[in-house]
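Handing you a structure now.
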Amino acid sequence: MKKQIDKSLSFREKEFKLRPWQLKIQEVIYGTYTRPGKVFDILLLIIILLSVVVIMLESVSYLNLKYNFAFLTIEWIVTGLFTIEYILRIVSLRKPFSYIFSFMGLVDLFSLLPSYLSLFIDGAASLMIVRSIRFLRIFRILRLSRYMIGADVLGDALKNSRHKIAVFLISMLTIVIILGGLMYVIEPKEAGFTSIPRSVYWAIITITTVGYGDIAPVTPLGQALASFIMLFGYAIIAVPTGIVSSEFTSLKSNEIKPFECQNCGEVGHEKSAHFCKSCGYEF
Amino acid sequence: MKKQIDKSLSFREKEFKLRPWQLKIQEVIYGTYTRPGKVFDILLLIIILLSVVVIMLESVSYLNLKYNFAFLTIEWIVTGLFTIEYILRIVSLRKPFSYIFSFMGLVDLFSLLPSYLSLFIDGAASLMIVRSIRFLRIFRILRLSRYMIGADVLGDALKNSRHKIAVFLISMLTIVIILGGLMYVIEPKEAGFTSIPRSVYWAIITITTVGYGDIAPVTPLGQALASFIMLFGYAIIAVPTGIVSSEFTSLKSNEIKPFECQNCGEVGHEKSAHFCKSCGYEF
Amino acid sequence: MKKQIDKSLSFREKEFKLRPWQLKIQEVIYGTYTRPGKVFDILLLIIILLSVVVIMLESVSYLNLKYNFAFLTIEWIVTGLFTIEYILRIVSLRKPFSYIFSFMGLVDLFSLLPSYLSLFIDGAASLMIVRSIRFLRIFRILRLSRYMIGADVLGDALKNSRHKIAVFLISMLTIVIILGGLMYVIEPKEAGFTSIPRSVYWAIITITTVGYGDIAPVTPLGQALASFIMLFGYAIIAVPTGIVSSEFTSLKSNEIKPFECQNCGEVGHEKSAHFCKSCGYEF
Amino acid sequence: MKKQIDKSLSFREKEFKLRPWQLKIQEVIYGTYTRPGKVFDILLLIIILLSVVVIMLESVSYLNLKYNFAFLTIEWIVTGLFTIEYILRIVSLRKPFSYIFSFMGLVDLFSLLPSYLSLFIDGAASLMIVRSIRFLRIFRILRLSRYMIGADVLGDALKNSRHKIAVFLISMLTIVIILGGLMYVIEPKEAGFTSIPRSVYWAIITITTVGYGDIAPVTPLGQALASFIMLFGYAIIAVPTGIVSSEFTSLKSNEIKPFECQNCGEVGHEKSAHFCKSCGYEF
């Protein structure tokens, strides 16, 4: 595997006129199958994790009072490392803009900005939590395993059912607005239904079966309507579930490619089969 | 596509004796594939959205104090536009009653009434939220895309499983009434179980896993029964989900293209069939 | 259909030596397809509904103060009617014990007892809510329609998956007891975790995603464990759903009986097919 | 059946040089199909249940005050019995380490430790709740029935979908951390969003639709974001459900009976196969 990568790297060298040091950096930063690439990816992941944990702990006031200096130090070291990494990623590419404006490139940039912004704006440091998106790089490290197939199937199932999900969400939003409006008319303001947006917020809390209880109906009519919304929400959770389930099931059953036996015409052989399951003809 | 529509319009002109101006209005208001029809649909949608947003914001008291005049102005302009649209929809049809008493016709009417009622009755304005149903017209605009198929499949799945859903809902209501009655006997009134209807309301909150917490059992026996209801509700959510999921899966796997037998007219053959399943005619 | 019933009734008369008046009562009370049977069933259902509504309203204190006499009157009339019906059901049968000890027979008896008990014991009247089980008779009235098939499929799906559901419930109870025990050790008593049973009650509230909020963790460790329980409960709701869904899907796909074409051996014809879909052979 | 076990026992005697008394103990403790083995398993289960119930009741303060002595007595008797059983399990085996370090062996050990620890450390007694894991032995007793198949299918479905579930959980944790961070920035500390970990805790409560209500957003922007999280959580519950459902459905529809090819030993042929899919050997 490593040989293949090396070949493709030297191929890229000739083709794109990349300097040897650029290739070296590429091998480390972008390489997934090479040893230095793997080590780099795992180190990066550990630093990201560390950074996210520090940001979270920093927000806990009594920890911040105690370890403020340690947190700040770690934060700026991590920011420094991320900045160097970001610059290396750009300089090692022939067409860096395709990286800069890619999803991961923007995430990398927005992981750096809050640190520098916090020098000028108070509270910007909390936005550093955006760094946790970088954690999705974990899938890159796991690429060698079958995790990507899992992600692909998830993505496919969601993409195939996007029309049905759109219909479902628009219908649900309409229902929630109407029910929220009705509750605003029925319930007294004291129960928390002080405006239609707030009532719609309550309707969403109820229909999704979250049920905080910060706003709750007090009149019998309101409670009856609330019961209806709950039963409705309970029943229609079946709809998104059904949509995605059937998508998964169909993606799964497709795994048998319908190639035909050239002897008897039988279809539906498993991928691993070497002989036709009906007539014994060797493929 | 436009040509076809134009043809069918001139055909309708001859057949139904519609005046040219009526056809012109029809093309704009009812046309989905014509350019003016599309522009009209999108404009209408924006106005509906604007109207719903204004009604929602109007209910927020501090916004209403500030922008009361602006809100009222927008509301009456929108009401005026909707009224004109409603009249045009009626006069452009040869048989307007089929529109007036259709679902969308009634929604259009009830979108207008609250505005005029609010002149005589206080609070009627809030009922204007009914306008949000009009927002479902969005599916009409998206008709060209595959969204309608999504809606159709959703509708079919729900229609096919209506018997099972009815059995499920009746059984669940019976369970909820009995459990509510039991809790009313077990729990003290101080815990919120002041009457059987209120206890049934609590049972619905619990079995649907909403769980507001405004009413909650305090006795050990009541908590044990509540635990049972929760586990029961958690387990049986599988039932509506299973019903709809299997319906989706079966609708998906069938995907029987409705090609007709040229001999006997039977439809619904499987894709792999070479002979009509009803009369044996070879395709 | 009526003729068939009549035949079977006169057959039973000869066979079981039932008196004509017994047969007459049977036709009314047990007949589902005969006109008097249908009228009786619908009347019975209305009375059951009326009775349940009265019991529920009676528990609302301010309504009870106002309409106490009316409620009591209706209750005793209904109890009287139910008593007469119960006696008639018994005397019209040759082997009444098979009815008395059947599920519906016991429900009918327990629908009567609370009324008579309330003469001696205060509060027994509330147990009359048990009458709502009688409401399940609605399925008998709907028998002519396809509702019973819905109930059958529901029942079959639940029966087929009873082993998996048992495994799931036992595993879940074990998890809930251990997590409840851990939370009891971790959390202070002030947060509501006063005993292990109460902590288990909280764990059930959390794992089923009900979430009342009457008991909630306050320590960071407790909240971390609670987060784990929530994610776990959220993920494993997939298990009962998956069990029942797959059961429904398989019950559905079985609808095609795999009978073989005697000419070409092709299997998997639809029930309605008269010719083999592969070779056109007439069945 | 008993004969077979006896044979295999005497076989083991010769092979592994076990003493007769060791075999006798093995037959009772490890035997599942022998009469003494069954009696032992059922007795053990009753003792485990009794022990768990006592531990739970002991934690209820007013019961503990009353029956403290009885509870302690039962606890120490049970601990004694478990200790004897644990020793017997070890001495009756030739290679006891394979049991000691097996999952059930560790559970058995940890069921004993808290009792002895409670002599030295206060509060350790509560950890005895770990004993409830021993309750999973119930599946051993039910082995003769079809419960194990249920457990196997559950396990297979979860194992097959572990990649997809990992992708799902990592993505969800990332989303929850980002949303928690955002809410920490948006919401005031008074609403309960005092730190990012606490906000993440709230985000988990919300996305899993648990909804305690101990922390709830108060600003319009926070409530809007909360609504989004709820709808998102409501929609994506479809994902784990879909994953597991499709797994169950596929495990069900395959139901490949593992009959072996007598030529090459390949297993897992479909029911309809007439030739081995690997070597072409005719069955």
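As written, the chains take the letters A, B, C and D, and residue 1 is the first residue of each chain.
The rule we apply is simple: contacts are C-beta pairs under 8 Å (C-beta built on N, C-alpha and C of every residue); 3 or more make two chains touch, one makes a residue touch a chain.
Remember, it's a predicted structure, so these values are computed and weren't measured experimentally.
Each step here moves to a touching chain, and the least such steps from chain A to chain D number 1.
Most remote from chain C, judged by the distance between CA-atom centroids, is A. Here chain B and chain D face each other with the same set of residues for the most part; over half of the interface numbers are shared between them. With centres defined as mean CA coordinates, chain D is found 31 Å away from chain C. Centre-to-centre, using mean CA coordinates, chain B is 43 Å away from chain D. Averaging C-alpha coordinates per chain places the centre of chain A 42 Å away from that of chain C.
If you average the Cα atoms of chain B and of chain C, the two centres end up 29 Å apart. Residue positions 165, 197, 200, 209-213, 233, 237, 241-243, 245, 249, 253 of chain C each touch two or more of the other chains. By the touch rule above, chain A contacts chain D in their complex via residues 52, 55-57, 59-61, 123, 126-127, 129-130, 132-133, 135-136, 138-139, 145-147, 149-151, 153-154, 157-158, 165, 169, 172, 197-198, 200-201, 204-205, 207-214, 237, 240-245, 247-249, 251-253, 269-270, 272-282. Chain contact summary for the complex, chain B toward chain D: residues 209-213, 241, 245, 249. Interface residues of chain D, counted against chain A in their complex, comprise 163-168, 170-171, 174, 177-178, 180-182, 184-185, 194-197, 200, 206, 209-213, 216, 220, 223-224, 226-227, 230-231, 233-235, 237-239, 241-243, 245-247, 249-250, 253, 269-270, 272-282.
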